[in-house]
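These are the structures in question, set out in turn.
Below, chain A partners chain B and then partners chain C, in two separate complexes.
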Partner chain A sequence: MIDLIKQYWQSYLWGSPTHVSGLAMTLWLTVSCCTMGFALALPLSVARAAGPSWIRWPIWLFTFVFRGTPLYIQLLIVYSAIYGLEFVRNTPGFGAFFKDALNCTILAFTVNTCAYTTELLTGAVKATPRGEVEAARSLGLSGISLYLRIVLPSALRRALPAYSNEVILMLHATSLAFTATVPDILKVARDANAEYYLPFPAFGIAALLYACLSVTFISLFRKAEQKWLKHLSTT
Partner chain B sequence: MTNSREFRSVICHLQFVILLAVRALIEIVRRCRFPADLMKNRVLWVLPLLIFLCSLSPAKDWKTVRFGVDASYAPFESKAPSGELVGFDIDLGNALCAKMGAKAVWVENDFDGMIPALQARKIDGILSSLAVTEKRKRQIDFTDILFATPTRMVAKTGSDLLPTPESLKGKSVGVEQGTVQETYAKTYWEPKGVNIVSYQNQDQVYADLRSGRLDAALQDEIQAEQGFLKSPQGQGFAFAGPEVVDDEILGKGAAIGLRKSDQDLKTVLNKALQEIHEDGTYQALEKKYFDFDVAPK
Partner chain C sequence: MSGYLQQLLVGTGVTIEVATISLLIAFVLGLIGAAAKLSSNRWFALAGSAYTTLIRAVPDLVLMLLLYYSVQNWVNAITDLLDQPQIEIDPFLAGVSVLGFIYGAYFTETIRGAVKAVPRGQLEAGAAFGLNRWQIFSRILFPQMMRFALPGISNNWQVILKATALVSIINLHEVIYAAQAAIKGSSWPGGAQMLFYLSMAALLYLVLTTLSNFVFAYLEKRYAAGFEQLAR
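Entry: the complex of A and B
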């Protein structure tokens, strides 16, 4: 077991400058996918909650498809099936983008978390008390400024606890990344296990690293909740 | 052989006797008032002897042998369209068990989880093109070599790639995770600037070789020929360069992996292997799958 740790600790944490792996890769996947997914979900959720119906239905379909199918299958489709199409390979920009396994993985994860986040934020936007909106309108706010100043700040506050769940779920979902050959924590654990045949230490270390990441994210979200949800605290 | 078997079965019956003995012991202990009385009782001296005799009996008589197999490696092990396991390894395992008078049970398992499954006693042997290597020998035991097949690289037909780090510099080479080929490529090629990509199974390697993500793939030569190059998917691909030889990492051949504690199973399997070589069963199976000799030299 000592040998295993001695040989693999660096791969578990960050790999090497040329071959990033393990914790660093998992963290990068989680942070980049959640950031981009959130940025995309914000306008989509407003459009889904308050847009005209020709915009609402496509967004509903999008969230339905990506929440209704397993992430594993989405990843396989983005990684294997799309690049298997000849016209994708032959289109210069597409070809180069989809050839890289990391691009495919980030794309699949981003779209997936975007669908969940859209649904989550839509609920929060719809739950805005009518009175707040009426008060804002009576003060002369409308359109974009109504959303930017009144609806979204309160909706995001309401969605914060649920969104922290989504981030943790996304973190755990990144363990699928090796399906597309991206060397995340689980891939290093499989390597260590294949070499030493010690499944307990090999996968135990991986579990521990995931747990550390989870705890970090949870405590960050708790800090955020303390700051932005102060008015809800019971003390 | 038969004599010793009969002797064993007699001893197995003693297990029934020991149950009675334990009951007697409980009775005696209940009746003795002082510990000193216990020492005088002669029956008590017979008991350890009985226990000793029973411990001689084998834990298992190998009526069934559970083989672990990762069915993604044609022609050695793969799945027929009906879902049935087929391949050289499967036929060999069934033939060996027939010789031993045992039944072969096939358990499907991922290749990289095979040795843990063996040690966790989920299976009794690994019969899945498992190459004999020094590293694996530290963990498990092996039977005699079943077959010896070389390692060779596959690339697009007409490519001038060779299995050397100089030729492959900057290229992507796919390997299956947990195989000796992965260790080889990571040890000798990756430090010299070759991009080695590990996959969960061999089918994915070929899929990405076809799609163009990989420039080459490194695996067992016969597997590549039968499982890929001869199939319609393998059109436009060919072996690149000569066979890769390396006794230390790539090993000398494949054998059945066994627990170190199951020496009796090793003995009977080796004996059966010798028998199927002698009576021509091995050669018949070999002909069914290959047009050349794969028997160990």
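Entry: the complex of A and C
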């Protein structure tokens, strides 16, 4: 077990500058996918909550499909099926993009978290008290400024606890990345287990690292809630 | 192609079976865990908290691989020690018990919250009428607790259903396994068949999650009998 740790501790944590792996890779997957997913979900949720019906139902369909199917299948489709299509391989830009496992993984994860985030942000936007919107209208705000100054600031606050859940779920979901050969924490654990055949320490270290990441994210979100949801605290 | 359809149907059966049995195990563990967490005994409460905190902090896939390979390793060590032939852990049994054990932690939290939402006065009233503890649990606490727990249970069920996709990683022959087997055995050229088979598997999951949404909507209505006006 000591040998396992000696040989693999660096891979578990960050790998090397040319080959990032382990904790650093998991963190990168989580942060990049959540950031991009959130950025895409923000306009989608406003459109879903307040747009015309021809824009509402395609967004509903998108969230329905991506929330109703396992992420593992979505990843398999993006990683293995799409690159298998001949016209994708022969189109230069596409071919190069889908050949890279990391690109495929980030794409699949981003779209998935975007679907979940769209759904929870839609709920938060829809829950905006009518009075707030009416007050803003009576003060002459409309369109974009109504959303930027009144609806979104309060909706994002309301969505914060649910969004922190989504980020933790996404962190856990990144462990699927190893099935697409991306060297995240779990991939390193499997390599270590394959070499030493010590499953308990190999996967136990991985579990410990994930637990540390979860705790860190939870405490960061708790800080954020203390800051932005101060008006709701009972103490 | 027709062979694949058959395999896919068998896989769907396995998926439903794994999900349902895991749900039952998780629900029972959730009841026990919630009882432990709400217990006035400090050690029970501590054990309950340790269970929910540790399990929920680690991805289900990591726990699945950790438990599957470690337990197999320990079983091998024991059989070697006793000079017995090796025992292969049945993938179905492993998948079901690991999923049940993991989601038991999520059920513990769901049920704990639901139990706390039932007014204490009702339990005291039951005791005042001379009901024993089992009668209070089965006639007063459980039916009302279910009303508060159902949204959480429905959520957990959807997560378990989708998590069954992961058990193909530990060699269980469910929907994804069927799709992958079809891809390997297929004579179609290119990657189109892969897309087709995987999409079929995805569609099956979509049907299952949609159907269960209807079932839970019905159940929620049933357990909310008498509360409909209040809810509105």
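Please note the rule applied: the second predicted complex is superposed on the first by the 235 of 235 C-alpha atoms of A that agree within 3 Å, B and C clash if a C-alpha of one lies under 4 Å from a C-alpha of the other, contacts with A are read in each partner's own complex, and residues count from 1 in each chain.
Here, a residue touches a chain if its C-beta (ideal position, glycine included) is under 8 Å from a C-beta of that chain, and two chains touch if they have at least 3 such contacts.
It should be emphasised that the depicted structure is a prediction, and the values quoted were computed from it without experimental measurement.
With everything superposed onto chain A, say whether chain B and chain C fit together or clash.
clash
Pick one for A:71: touches chain B only (first), chain C only (second), both, or neither.
second
Under the stated touch criterion, which partner chain does A:101 make contact with: chain B (first), chain C (second), both, or neither?
In the superposition, A:101 contacts chain B only.
Could you tell me if A:25 is touching chain B, chain C, both of them or neither one (first, second, both, neither)?
Touch partners of A:25: none, neither chain B nor chain C.
Pick one for A:204: touches chain B only (first), chain C only (second), both, or neither.
second
More residues of chain A are touched by which partner: chain B or chain C?
The larger set of chain A residues in touch belongs to C.
Tell me the contact category for A:175 with respect to chain B and chain C: first, second, both or neither.
second
On the A-aligned overlay, A:83 touches which partner chain: chain B = first, chain C = second, or both, or neither?
The answer is both, since A:83 touches chain B and chain C.
Does the superposition put A:187 against chain B (first), chain C (second), both, or neither?
A:187 sits against chain B, while chain C stays out of touch.
Touching A:195 in the superposition: chain B (first), chain C (second), both, neither?
first
Just one of 3-11, 93-101, 111-119 or 273-281 in chain B hits chain C in the overlay; which is it?
111-119
Per the definitions at the top, what is the overlap between the chain A residues touching chain B and those touching chain C?
Comparing the two interfaces on chain A, one with chain B and one with chain C, the shared residues are 80, 83-84, 179, 190, 193, 197, 199.
Any idea which chain C residues touch chain A in the complex?
54, 56-63, 65-66, 69-70, 72-73, 162-166, 169, 176, 190-192, 194-195, 198-199, 201-202, 205-206, 209-210
Considering the complex alone, what residue numbers of chain B touch chain A?
Interface residues on the chain B side: 112-113, 115-116, 119, 135, 139, 177-178, 183, 197-200, 204, 207-208, 210-213.
With touch defined as at the start, can you tell me which chain A residues reach chain C in the complex?
Its residues touching chain C are 64-65, 68-74, 76-77, 80-86, 88, 171-176, 179, 185-186, 189-190, 193, 197, 199-200, 203-204, 206-207, 210-211, 214-215.
Can you list the residues on chain A that touch chain B in the complex?
It comes out as residues 80, 83-84, 89, 99, 101, 178-179, 181, 183, 187, 190-191, 193-195, 197, 199.
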